[in-house]
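Look for chain A in each of the two complexes below; its partner is chain B in the first and chain C in the second.
This part shows the complex of A and B:
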């Protein structure tokens, strides 16, 4: 079973082609890194995968079920937390708790298990001590971290992450990659992650999708190169 | 202060209607305010006056439900125009809002002037139409109050049922979409709730100031708390209390229209909150001094 299947995807902004001939699939337990030069339409590809943009041709299929046969859940962290409404009246803790809402039914209050998930998620990104801070008081890097914590609290089957380590130091990045790898190997989660730190991430990734410029296109259009399976190859 | 009026049945009917309107408009208005779209409510409020006059010209009745329907249709048409014009690359959204607001309200005023003294409308009483501009509590009947109560209860119920979804949608629309929350449906639910509240509240508060009931309570509430649920509760309280006290002032002071009376009370509460609320200007200044 594939969590994500992309077939012959192309995407145009008006007349201008930006993505062409993109096909790949991601299975449970796979850690996939997506790279490309600046402006290589990596975010556009992620937004097509998520259904936030509609492919011009080809199609994207996301599995309805996870590997256990239950409804699949997706956790997305955008590149810049621009969609983040900084004036919204809430604290870090409340925001990360909202990651548990999709798991609950109407009027259901968060239980002990939900609180444990939230605590673990905040600790994993080093934001537990700042849990009572207001959203408006956070720096850009801290906002990015709590976005990650909210996704971890959601405990999704499929992580889609757009340059999530921006603003993290190297030690934090390594911890973060290890955590994701643990999630893929032990809990059969799948990860699709855009990164510029391909050298750092290579030992953890099972697949590497690299977006390369099409020389024969009149536009700044990118196709893909499915490079290798670094971590599997190493093992 | 004349408190004997509080026990009068007619005052109670009016006050219950405006309190329900204030409670619901205060809480529901928090959504567009926190999304940064509060001026859409202003444009729809002004535009709905055209629907009041328009449907009166066609059906020649002042039945509150029919007039509310007219204002709802006009408000919907105004929203459609704002969206369509706003998509034009050379027209910014603010300009589209101002254009639609003034053209619809202006047309409503022109039609109202046209029917005054026109032979075709002489047999139908049109005196009450004037009250839809600034609102007049003394013209509110039991039917109006009932209609307001139904719409307010429906709006508050939607807010309670979709509380978690609204919280995620307002904070981060992209995240909402990825966890399966339909931003499109929530946007429509918000719009319909606001338009219904505007439609039924016009007679009490008037087309010019109805939007203040959606906007001002949330601004006041944000000066007191950083919790979304508490913001909704405080906004509802500010809206409800202002509606009650404004209605009282309007009922006891001769020739005082209800809309301006409610708005003055509400803006006073908001002004005091901005100054002295725990998140207000004075408090911030003290914290800054403490930090230096």
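This part shows the complex of A and C:
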């Protein structure tokens, strides 16, 4: 079973072709990194995968069920600098707790298990002590971390992450990759992650999708160069 | 004390309390969705609904509700067409609503006086039927808030993330606009088209400076709205000033006090830090 299947996807902004001939699939337990130069339409590809944009041709299928046969859940972290709603009147704890709502908690009280998930998520990114702070009081790096905590609190089957390590130091990045790898190997989660740190992430990734410019296109159009990364971490 | 014995004042007090419960809930979501001017737009468009009702000899509340619901749908459509410049929908519909109202009024001069009631409103002339409308509206909105608080929180924080969690983003946005429109159509004759957005927005805007948490902001905003509505009502009775304007001025005073208090507090913290 594939969590994500992309077939012959192309995407145009008006007349201008941006993505062409994109096909790949992501299975449970796979860690996939997506790279490309600045402006290589990596975020556009993610937004097509998520259904936020509609492909011009081809199609994207996201499985309804996870590998256990239950409803699949998706955790998405957009590029933070642009997306974070810093003026929103909410505490760190409230925001991370909202990550539990899609787990059948839209209309139910959070139980002990939900609170454990939230606590673990906040501790995993080192933000437990700041849980009562207003999100507007946080630094850029802290905002990034609570966005990740929110996704970890959701405990999704499929992580879709757009440059989630921007602003993190190297030690934090390595911890973060290890945590994601643990999730794929032990809990059969799937990860699709846009990154500029391909040299760092390569040892963790099972698959590498690299977007390269199509020389024969009159537009600044990108296609994929799929190369398989080592499946085991080379430590 | 004698003011409490008059039937019109009893209705005005009930209306004040009910509006104080409804306004902060809608106001906070309007601010956070960057739609603070939506209330202004819908209140201007409401005038078209009122003018239409008068022209057709139908109860203006019904034509108003119909027009406001239609415009709420149109607003969401224009907001999507101009995704990055969603305020265009506000400008287009605000001027369009006013233009239609003036055009219809121009065809019948006798409407002008009646329309003034809707422009400026008066909480003390509220009818028993309007109070009943307000009770139904308040119960509906408070129930919606209790039931849909979490989906609305996620939607308001970030629509794209909300989409990936499976929430029906478009439908929720449309329903929110319709509920806002219905609220404005019902509140407008009470507080006036020109002041309705201030009453929706100011309590939430003030409360955002006072509380860190989402629930805290809603509760603070309700308290501030109560102070503004009941205090404004009392002052307007005492001084014989227009009720809507007095309420808005009182809320603006609270706004100014909170901002000044914040600055003084900041200054004292920095001063103490420098001394340490």
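In this text, the second predicted complex is superposed on the first by the 226 of 235 C-alpha atoms of A that agree within 3 Å, B and C clash if a C-alpha of one lies under 4 Å from a C-alpha of the other, contacts with A are read in each partner's own complex, and residues count from 1 in each chain.
Just so we're on the same page, a contact is a pair of C-beta atoms (placed from the backbone, for glycine too) under 8 Å apart; a residue touches a chain by one contact, two chains touch by 3 or more.
Source: prediction; values computed, not measured.
A.B. asks: In the superposition on chain A, see if there is space for chain B and chain C together, and answer fit or clash.
C.D. replies: After superposition on chain A, chain B vs chain C: clash.
A.B. asks: Tell me which partner A:88 touches in the superposition: chain B (first), chain C (second), both or neither.
C.D. replies: both
A.B. asks: Once chain A of both complexes is superposed, is A:74 in touch with chain B (first), chain C (second), both, or neither?
C.D. replies: A:74: touches chain B and chain C.
A.B. asks: Classify the contacts of A:98 with the two partner chains as first (chain B alone), second (chain C alone), both, or neither.
C.D. replies: A:98: touches chain B and chain C.
A.B. asks: Now for A:134: first (chain B), second (chain C), both, or neither, which partner does it touch?
C.D. replies: After superposing on A, A:134 lies in contact with both chain B and chain C.
A.B. asks: Figure out whether A:65 sits in contact with chain B (first) or chain C (second), or with both, or with neither.
C.D. replies: Touch partners of A:65: none, neither chain B nor chain C.
A.B. asks: Once chain A of both complexes is superposed, is A:52 in touch with chain B (first), chain C (second), both, or neither?
C.D. replies: both
A.B. asks: Name the residues of chain A shared by its contacts with chain B and its contacts with chain C.
C.D. replies: 50-52, 73-76, 78, 83, 85, 87-91, 94-95, 98, 101-102, 106, 134, 160
A.B. asks: Touching residues of chain A toward chain C in the complex: what are they?
C.D. replies: Interface residues on the chain A side: 47, 50-52, 73-76, 78, 83, 85, 87-91, 94-95, 98, 101-102, 105-107, 132-134, 160.
A.B. asks: Could you please specify the touching residues of chain C with respect to chain A in the complex?
C.D. replies: 28, 32, 147, 150-151, 153-154, 156-158, 160-161, 163-166, 207-208, 211-217
A.B. asks: Could you please specify the touching residues of chain B with respect to chain A in the complex?
C.D. replies: Interface residues on chain B, with respect to chain A: 34-35, 161, 164-165, 167-168, 170-175, 177-181, 222, 225-228, 230-231.
A.B. asks: Residue numbers of chain A touching chain B in their complex, please.
C.D. replies: These residues of chain A touch chain B: 50-52, 73-76, 78, 81, 83-85, 87-91, 94-95, 98, 101-102, 104, 106, 134, 147, 150, 154, 160.
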